[in-house]
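In the part that follows, the structures are each spelled out as structure tokens.
First subunit A sits with subunit B, and in the next complex the same chain sits with subunit C.
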Partner chain A sequence: MYTIFKKEINVFFDSLYGIIIFSIFFLINGLFIWIFPSSNIFQYGISSLEIFFDVVPYIFILFISSITMKIISEERSLGTFEILLSQPISYKEIILAKFLSCWFLSIFLIFLTFPYWITIYYLSNPLGSIDNIIILNSYIGLILLVGAMNSIGIFFSSIFQNQIISFLSSCFIFYLLYEGIDMINFYDSINLIDSFIDHFTFSYHYSNFTKGIFQISSLIYFIIVMITFFYFSLVNLRINLK
Partner chain B sequence: MKKKIISIILNDLTKFFSLSTIFSLLIIYIYFSYKNIRFDLTSDKRYTLSSSSIKTIKSINDPVNFKIFLSGELPPGMKYLKSEINRIMIDIKDHNKKNIKYEFVDLDNLSDNEKNLFIDKLISKNIKLYVFNNSLNSPI
Partner chain C sequence: MSIHLKAKFLSKSYKTKKVLNNISFDVFKGNILGLVGKNGAGKSTILKILSSLIDFGGDVFINKKSIKNTDSEHKKNVGYLSENNPLYMDFYIQEYLTFIGNLNGLFKDDLEKRKKLVIELCGLNSFQNEKISNLSKGYRQRVGIASAFIHDPDILILDEPTTGLDPSQILEIRELIKNLAKNKIVIFSSHLLNEINEICDKVIFLDKGNIILDSNLKDLKNKHNNISLDKIFNKIIPD
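What follows is the complex of A and B.
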């Protein structure tokens, strides 16, 4: 299991692919947070990383689907998945290793935004007047959100052998889960129990974390999404390959 | 195909990654979201009641009925406000279950007479009324 984990991370860092993903991620983030006039921190005038945590899920919708799109579908279309199966490891270990490597990479991406925190700390006036615990809590929320997204991305990668289709479908599902379901609230003709729909969306649970609330049910929600899609991809591989 | 899926799912039930874990986690989720256990980590405790307001709530001996005019066909932002107010009211009620009652009232459900009476009452208390024209909703 560890060898697959190491291999996935090596593939990412050894090739141009990883460098491009890293550089574009930081370029987009930096532009949104420090330069673009509608959303930069200087015009916002409040020393918090709220803007960063509002923007970054949308960026991750694209980036996580591009990290996970090839993870299983490439191996299946090239036929190397059969070689992997001939080794003495189970399906569970294969998917777990791939899931953990993707999650590790996304956490690494998040971890490298740490300088923003330091910058905000020194920009604030009086020095250090930022709510560190809220930012820490938001980082925990972001890591959980990213884990749930990775699990869904791997599921779609295991369904489709074509990378583009797995990319597009996981993008769509991320958006649907992040914000799309919430749009039902805009229609008054659909009378659902208020805030019932909220429990299905990422944005509701994630916004709890960014507001500075640690809600146990939100933590469990992300774990449920992770385990559910992990299990779905496990079942899917067993059906198609046995 | 269907038989295969069902047999795989049934075989898994005792393992960790299985439908049984997912369902048990769902039950735990429903329990915790019903109990609404949350830790307020903000430095100014923005989302919890302060100790002085808890004291005042506990000192109430007469029944108090809150009427919150925030119901019916609301735009999404207001729905969010409503759920937040609802959460605070649950917190308040927890400290004095006997005397505090609250309800959300929809102005559109009242008859025209009642509505006009209510609006007159508000105006007599020097409260300015603004009518929002929402394309989806009828104004008050």
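What follows is the complex of A and C.
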């Protein structure tokens, strides 16, 4: 399993594609956090990374859709998935290795934003007057959120051999789960089910973390999403390829 | 150790279409078995079944041990070259062989020894540091074959290994297959009957998922007064 994990990481960093995706991530992030007047941290007036944690899930919608769209669908369309299937490894190991590699890349990217934390720390007045617990919890929430997104993205990659369809489907579902369902709140007529639906959204559980609350139920929610879509991918591939 | 592969009542359907109809055959170590048939006869399906790539009815036994539910264990003992020979084009040959070797549990010295051997046997010496995408079709085919037996499997399954190669490459690949077969079971499919004639000990003619003929090649030729295999095939499976 480690061999496939390592291969995926190497392929990503060896390709122009990987460099472009990483660059775009930091460019968009940088623009929102440090440059754009409506959202930059300097205008915000409070030494906090709230803006970053509000914006970054939207950037991850694009980033994760981009890295997961090819992870299985490209291999299936090129026929190279058969190379993996003919080796002494199970479907479960293949999908797990691919999931972990995508999650690792996302976490690596999150890790590279730690200088934001340090910058805010030194920019704060008096020095160090930032809520580290909120930031730490937000990072944990973000890591779990991207884990769930990766699992769903891999599922769509396992369904479609066309990468564009896989990308668009992932983007749509991520947006729907993150914000789209929340939009239903605008319709008064179904207010009764609002609070129930809320519990199924990414934003509800992620916002618990960004408020500085480590909710076990939110942790369990993200883990359940990861496991559920992992098994959906497994079942889908076994049915279609075996 | 001797190896005996026995396929019993193999069947396979894709949705409502039956592609294999309860076929049985067996093959021993040191034998090269050639599967011959028209398009859609079921050759590739048999090879995929023997490589544990697809589910199937019936069973396959290696030394009386069923391969069902032992996918990973069985795959360690099988080298498979697919008809289209898919490869990771961005990999270098050495890198690709390391990847396949690692997946088969080969590391460090063992891996280096096997890599050196397969590169030598497949005539890839002068290209070993090349990217696969830079190789000609013939050399890509060699990389596919090299990766199929890097872990020294007892059973080598090759789906039309010489398709698209030029005549000299075909001869070289045939020689390679003959050499490899000395201590393995080699099963391969081909459209080229002269190829079967050249290298196989045993031949199976397939038509619409059924075995029409399963015979030792020498016996078959003797029975038909040494006429060419093409003529025998056309006689047995007319258009």
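Observations on the model:
Throughout what follows, the second predicted complex is superposed on the first by the 239 of 242 C-alpha atoms of A that agree within 3 Å, B and C clash if a C-alpha of one lies under 4 Å from a C-alpha of the other, contacts with A are read in each partner's own complex, and residues count from 1 in each chain.
Here is the rule we go by: a contact is a pair of C-beta atoms (placed from the backbone, for glycine too) under 8 Å apart; a residue touches a chain by one contact, two chains touch by 3 or more.
Note that the structure is predicted; figures quoted are calculated from it, not measured.
Overlay on subunit A: subunit B and subunit C fit together in the combined arrangement.
Residue contacts after overlaying the shared chain place A:N137 against subunit B, while subunit C stays out of touching range. In the superposition on chain A, A:T3 makes contact with subunit C only, not with subunit B.
By the touch criterion stated above, A:Y221 is placed in contact with subunit B alone, subunit C being left untouched.
Between subunit B and subunit C, B touches the greater number of residues of subunit A. Contact with neither subunit B nor subunit C is seen for A:L123 once the two complexes are overlaid on the shared chain. In the superposition on chain A, A:H199 makes contact with subunit B only, while subunit C stays out of contact range. Shared-chain residue A:L234: touches subunit B; no touch with subunit C. After the two structures are overlaid on chain A, the closest C-alpha atoms of subunit B and subunit C sit 8 Å apart. No residue of subunit A contacts both subunit B in one complex and subunit C in the other. Those residues of subunit B whose C-beta lies close enough to touch subunit A in the complex are 1, 4-5, 8-9, 12, 17-19, 21-22, 25-26, 28-29, 32-33, 36-43, 46-47, 73, 76, 79, 82-83, 86, 136-137.
Those residues of subunit C that touch subunit A in the shared complex are 51, 53-55, 71-73, 75-76, 78, 80, 82, 84, 86-88, 90, 99-100, 102-105, 147. Remark: subunit A residues 3-4, 7, 11, 14-15, 78-80, 82-90, 241-242 touch subunit C in the complex. Those residues of subunit A that touch subunit B in the shared complex are 92, 131, 133-134, 137, 182, 185-186, 188, 194-195, 198-199, 208, 211-217, 220-221, 223-224, 227-228, 230-231, 234-235, 238-239.
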